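There are two complexes below, and they share chain A, which is joined by chain B in the first and by chain C in the second.
Take a look at the complex of A and B:
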């Protein structure tokens, strides 16, 4: 059984609110820095969070992003209420995208979001079905000897 | 800045970050995937997403190419995130060429897939 998370943060994400896109990720950047998370790891977490956040903004009605900072790892959970993903394996294919033209005008929607997330995280689990939204869980392992109990 | 005939839109705050290379892209997912911290970013994407991406990736500065106008949201984001923002009248190709000739390496030079 996991010990209780010493630090838990949640950020709501509003679908189609493009002007708010990325604000959760930049807030997480500050949170991780204040928590003393190693800079290289913090950047990997932030890149993954940004991509995940933009996926919710671009594709879903709403969602939230949660970050849990443990001594030995950082966990990220992203849940959304949206159309869901019909074929998760296909969605993981670099270059494949169902994004709208509006999304592409923002510089996203090129089909690299999920592959980027997979590249950044040590563990990734994506669950979704049509009409049921999507649930993403990521784990990033921290370095040993970071001054915290591993 | 003179090399690119660049105009300052949001000045750098102190201390300035060392410039380690250059990355050129309009797709923010490419920047998130391949750009290295400390890089300059040359882009034609004039949205606040460009700035937030640059902040996440700890890029040194953003240069808007082709003399494009930066929206107020982009400038505000640059001020908020303290990301230096410039505009050059040059095309992306010209700007890249000049920077490369001046000795600035590609972002993450030596890494596969660099921009």
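Take a look at the complex of A and C:
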């Protein structure tokens, strides 16, 4: 892999704290702007980060969201301490959700989070097993034509 | 015809709870949704969002999707945390006693597409 990123940021996420949800993604929005990341790319990163953050809030006890800003790309890592995902492929299906009734009544759990993330990111890797939490790694390329088709 | 958030506030008789300084933003489109991920997926910069949700996450969604305003419809009262966060983010948080259906129709009549 590459040398360590010159710009590494980490944000904790607290499970079940619905009212705090979006704090990490909002902080990342500022970090990306300060680092001069292109606004359209920054928005894609933020949307993906928000969805990933809310997945931790909705399903896990805690977790963290990390962002590394490189000259040519932005990488996002999200790890949580939670129940894990038994069937990752099923979890990626649009409309499929295991969110609680409480979460659904608040407008979460539409089964759109992971599909949204896949839509925004150039590369996505989701690893999980029951009882072992979930680990998500995303890559967003900063230069056009470098991974993402227009 | 493009209108600003301020014009929408005036024509629809909306109450401005926060974001007074950002009312000159042009409304680029609008949507009615109570599903946050749906707004995240389809919301574009400058969109005007009408919802019946009233918790703080609507502000995070609006900020991250760069929406022009959030209108909490049908007399629902934004939670205190939502108001605080909207102030922090300087997002226009609007309220109305009218239903989302009526508000959307009137916004459509004003030329917002």
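In the analysis below, the second predicted complex is superposed on the first by the 142 of 150 C-alpha atoms of A that agree within 3 Å, B and C clash if a C-alpha of one lies under 4 Å from a C-alpha of the other, contacts with A are read in each partner's own complex, and residues count from 1 in each chain.
Here, contacts are C-beta pairs under 8 Å (C-beta built on N, C-alpha and C of every residue); 3 or more make two chains touch, one makes a residue touch a chain.
All values derive from a computational prediction rather than experimental measurement.
With the two structures aligned on chain A, chain B clashes with chain C. In the overlay built on the shared chain, the residue A:14 is in contact with neither chain B nor chain C.
When the shared chain is aligned, chain B and chain C each come close enough to touch A:22.
Once the two complexes are overlaid on the shared chain, A:50 sits against chain B and chain C alike.
Look at A:124: by the touch rule set out above, it reaches neither chain B nor chain C. After overlaying the two complexes on the shared chain, residue contacts for A:92 are found with neither chain B nor chain C. Touch criterion met: A:108 reaches chain B and chain C at once. By the document's definition of touching, neither partner reaches A:139: not chain B, not chain C.
Contacts of chain A with chain B, set against its contacts with chain C after fitting on chain A, overlap at residues 18-19, 21-23, 25-26, 29, 43, 46-47, 50-51, 54, 106-108, 110, 112-113, 115-116, 119.
Interface of chain B with chain A (complex): residues 26-30, 32-33, 37, 45, 47-50, 52-53, 55-58, 73, 81.
Of all the residues in chain A, the ones that touch chain B in their complex are 18-19, 21-23, 25-26, 29, 43, 46-47, 50-51, 54, 106-108, 110-113, 115-116, 119. Per the touch definition, chain A reaches chain C in the complex via residues 18-23, 25-26, 29, 43, 46-47, 50-51, 54, 106-108, 110, 112-113, 115-116, 119.
For chain C in complex with chain A, the residues that touch the partner chain are 34-38, 40-41, 45, 51, 53, 55-57, 59-61, 63-66, 79, 81, 89.
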